[in-house]
Amino acid sequence: MIVDQLIDWFPTSAAWPGLTFIIVVILCAVPVFLFIAVYALVAIYGELKISSFIQDKVGPMGQGVGLHAWRWGLLQPVADALKLILKEDIIPSSADKKLFILAPFIVFIGAFIAFSALPFSQTIIIADMNIGIFYILAVSSLGVIGIILAGWSSNNKWSLYGAMRSAAQIVSYEIPAALSIVVVIMLTSTMSMQGIIQYQSGVVWGFLPNWLLFNNPFTFLAFIIFFISGVAECNRTPFDIPEAESELVAGAFTEYSGMRYAFFFLSEYANMFVVSGVAAAAFMGGWQSPIPGMFDTPGWGLFWFMSKSMFLIFMMIWFRWTFPRLRVDQLMDVCWKGFIPISLFNIFGVGIWYLIVG
Amino acid sequence: MGIVKGDQMVLNIGPQHPSTHGVLRLKVVTDGEIVSDIEPIIGYLHRCFEKHCENSTYEQVIPFTDRCDYIASMNNNFGYVVAMEKLMEIKVPDRVEYIRIIMAELNRIASHLLALGVYGLDVGAFTPFLYMFRDRERILDIFELTCGARLLYNYMWVGGVSHDLPVGFVETVYGFLDYFEPKLKEYNEILTYNKIFIERTADVGVLPPEVAISYGVSGPNLRGSGVKWDLRKDEPYSIYDRFDFDVPVGEGTVGTTGDCWDRFYVRMLEMIESAKILRQALKDLPQDGDVHQAIPKKIRPPKGSIYQRTESPRGDLAYYIISDGSPQPYRLKMRSPAFTALSVLNEISRGWMLSDVIAILGSLDIVLGEIDR
Amino acid sequence: MTDNLEKLIKEAVEKALEGDMDAINNIEDRVTRSKAKAALVKAKREVAKVETEASPDEDSNDSFDSKEDKTTNEHIAELLIQQFSDDINKELSSQDHIQIQSKNWLVISTYLRDDPACLFDSLQCITGVDLGEESDLEVRYNLHSMTHRHAVEIRISCPRNKAKVPSVESIWRIGDWFERETYDMYGIEFEGHRDLTRILLPEDWEGWPLRKDYEVQETYHGIVVPKVKDGWE
Amino acid sequence: MGNYLKNIWETLTTMLTGMRVTLQHLWYIRRDNVTLQYPEERWPRPERDIGFDHSNYNVIRSRLHVDIDDCIGCLKCERACPVDCIKIETVKVPNRGEDIRSIGHTGVTVNGTKKAMVVSRFDIDMTECCYCNLCTYPCPEECIYMTGGPNSEKHDIDYEFSEYDRNDLIYRFAKKVSDEEIESATSISAGGES
């Protein structure tokens, strides 16, 4: 949407369409990057504080000279980021240098380009593709290549273990996630993100907003499966076996430090947002207001979308600080013996439901 | 460690690794994720405690015993002084005995809290770890109140204890027990009965009783295998025969008897039993009496030797003391329970996955200070 | 007055020796109380002295087979003498240990583990002892039976230069590590052990630290082993 | 199939129970909080009243301190130390219990013991001290003690002692005195008297 509008708006578009396109892409990419950076700081702060409160700690309580940040440690993530940037960049002597440098960027790109199809509000979406949700599913699995590269190029046994685990895990959990999205597509008959959200306007069961989550029991199940698979794709606890710190030290990222490690960190949080965003858009009505007919201007839309995503991110943080970690074969069991049969059954069920209820 | 085949890989877990509970190195031969052989390599913390003891007087040994099992220093002191008193035939006053029991059982709870919390950390649950440490902290406060030290107490002396109890001590411990007992439910809710935790630990690393006995495994690890054996009950030392408590054993509630979950849960139940002992001891604690009266002026045990076993939180802690009549021990050998527990690791974790090895190692609850001595 | 006090102290001490500590604690005057305590300690020491003199010395060879109610050690020793009379050193055994010779130790240990009267299924501890710079080394085994709940101590001595004892690793699995530890500290070789290497010390350590004639090396891997620290003479 | 569903049910219930516990802690943020904001809040020293005269008790194990004027150089603490972190050297004085002003030597302790030695060196290496408290018990003059506790009037409590140089943690309590100095000091005073 934004891309199209910008291209139309630029006066040069007729004369030099290629140049215009590049300018527009940069104009879109920079704000998205800034958004990710700021959001990551907020999410890290949230994670620190929420985990501390869950664990009866107090969390960060004031950083910086003279800037005690109202004694809530608001500048802690900034300090963390600064520390990571200023740290020495170490590349192991026996590492495959080119791939080692390349890996964090590939991981980040995978998370980054998925943002271009996320519908932040009625009007704010960088490109409303007609295959938007398919595009997100496709590009978000790009990250696994980066993780494998990281594990391989580090020339470290822990990294290799982490990378192999991660590859198996992400590839497996793609399937239940995609199958759950199939349920959505079946009901809405569109793959465009805005189309899916528009489908979810109105009221269902008399009082609930017509979100797909509440539409019928099968979609509810699909939402749960999609969200849990999403958690697994982000490598978050209880599915954090690729970087299981008590087993594999730091998994695929063992040898990384400084800015390169920060990129992995950033992409983890960006991935969390993508997963939450897609779940919010596909199942929780995206920018639709929870009270149908009220607060549905584009500004409120942005607010609703962000709060839904943030709620799901909070759920992920909550999971992380509650559960133990699964073992690698149990992880596969849950996916192949649990989620995939249920999501296949789900597709069948939704088909029947659609035929009967309509 | 045999020949490593082409598709196998040698992996060094440690000496610096988050979940080796100290400075332990495990040389693991793996086939993919499956572990085919483990060789624990120990000695990184070795400081020749026994040679130290030969060169120090009997009083000076007590601070060294603190540092062997630094998680349960009181119990280590206790074992040593029980052995020494038996060798010197000292009868200590009742009040001292009760104080010692209270301290030992408090430290048992503290030690189990650490073991269970760190076990949660090993299987990936961070929060129970901090909950348990929070409560362990209260026990350490009680110790600080009593003797001024939080971790390495040097509290029990041959024939007595170093400090008398402060005023209000009994109420403080009662207060702690009232606070602590409901917390056990919370631990169970967040960790013990969690399905993921059960999946990770049930049926994993099964230690059959006969293997455990042959390997000299003792304490909660042995009881986890279903053997009802507790030195406090079966060979009572000090005044443990005056208390009424149960010896919990593993029953294979969620898996096979002797699996990691059983070893974990036995510790959980033991904390309840320790609390029971504490309540009885606090009730019967003699109100006054000099805690120093039986301390001999000079510790010179008669010529002879003694082998005294006591039940530390990790199991069967024994001291073999040979005296030649001089103020320094001729030979002092410590039989550490964690040493025997670690030796069984290879036996029970072959064929499991890398993650399970961490879980099994955690369930054995080793302290490297005691293994390496 | 002083006579009175002395009498009081004497009475209190007598009572305390019988186990009634309150007799002393109830004395009101502080000085008298402390005097009484001192007298008590003295009295106790004398009692202990008498007892130690009466009780058999560690290496004494009398009182074997002489007492009515036997310790487990004596009972097991009798059993062993019936089976392996040549290997038991009757003179050196006493009521708290059995001294045996190293030659047939593997057979004896198998017997100890499997015989229904013994059933020592758990090896509690292996302690190496250096009996002095000129004398022998000794290995002491503390065995315990989970079935019969009795314990026994076996001692095997071996010459200092040629310290060799059969390994019991195949009988009790924990023997593996205990023997490695004893080897590590005393240099006693356990014959038949699968992997008799140092366990606590580094592989290239020189000497046997717990022997009485052990001397600390001057350097280790080129690092000078400090005897005195800086600024401390 | 029944087992399969039972498994799912157990997983859901137990996980929700766990989440309930953590949510409770998140909700009642300050209920069980034990963290101290260190530089502003200090660890509270346990209040200790043992109900009777406790001058022999050093319950707080902070830093070792020696009232060097009271030390008679009996070496009992040095012998008691299991890690040999105390080093004492003494020089005999000619006249027992006499002050030697020029080297700051006090002849009589607070308890009234006449000193036969000048303590020319009393070093405690706090980097090696294991805080076992064994040295404080045998002292006949009660001049070596852990700061704090009942001794807090004599010496400030100090938990956080830190130095830039490791050698600064070797506390040298006695003023260094050589034999000649003592000899000359005593001969002057002796000469003055005669």
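We just call them A, B, C and D in the order they show up, numbering each chain from 1.
One rule holds for everything that comes next: contacts are C-beta pairs under 8 Å (C-beta built on N, C-alpha and C of every residue); 3 or more make two chains touch, one makes a residue touch a chain.
If you're wondering where the values come from, they're calculated on a predicted model, not measured in any experiment.
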{"item": "Central chain (by mean CA position)", "value": "B"}
{"item": "From subunit A, the most remote chain by mean C-alpha position", "value": "C"}
{"item": "Interface with more contacting C-beta pairs, comparing A-B to A-D", "value": "A-B"}
{"item": "Rounded Å distance, subunit C centre to subunit D centre (Cα mean)", "value": "36"}
{"item": "Centroid spacing, where centroids are CA-atom means, of subunit A and subunit B in whole angstrom", "value": "45"}
{"item": "Between subunit D and subunit A, distance of the C-alpha-averaged centres to the nearest whole Å", "value": "55"}
{"item": "Whole-Å separation of chain centres (CA-atom averages), subunit B against subunit C", "value": "23"}
{"item": "For subunit D, residues that touch 2 or more chains besides their own", "value": "15, 18, 21-22, 32, 34"}
{"item": "Junction residues of subunit A - those touching two or more other chains", "value": "54-57, 321-323"}
{"item": "Shared-contact residues (touching 2 or more other chains) in subunit C", "value": "none"}
{"item": "Residue ranges of subunit D in contact with subunit A within the complex", "value": "8, 15, 18-19, 21-23, 25-26, 29, 31-35, 37"}
{"item": "Touching residues (chain side subunit C, partner subunit B) in the complex", "value": "19, 21, 24-25, 37, 41, 48, 51-52, 57-58, 96, 121-125, 127-130, 140, 142, 146, 149, 151, 153, 172-174, 176-177, 181, 185, 198-202, 209-210"}
{"item": "Parts of subunit A lying in touch with subunit B, wherever the complex brings them together", "value": "51, 54-57, 157, 161, 237-238, 240-241, 244-247, 249, 321-330"}
{"item": "Residues of subunit B touching subunit D in the complex", "value": "56, 59-64, 66-67, 127, 134, 137, 141, 144-149, 152, 154, 162-168, 186, 189-191, 193-196, 198"}
{"item": "In the complex with subunit C, residue positions of subunit B that touch it", "value": "42-43, 46, 48, 50-51, 54, 88-89, 91, 93, 210-211, 213-216, 227, 229, 234-235, 288-290, 293, 296-297, 302-305, 307, 309, 316, 318, 320, 322, 331, 333, 335, 339-340, 343-344, 347, 372-373"}
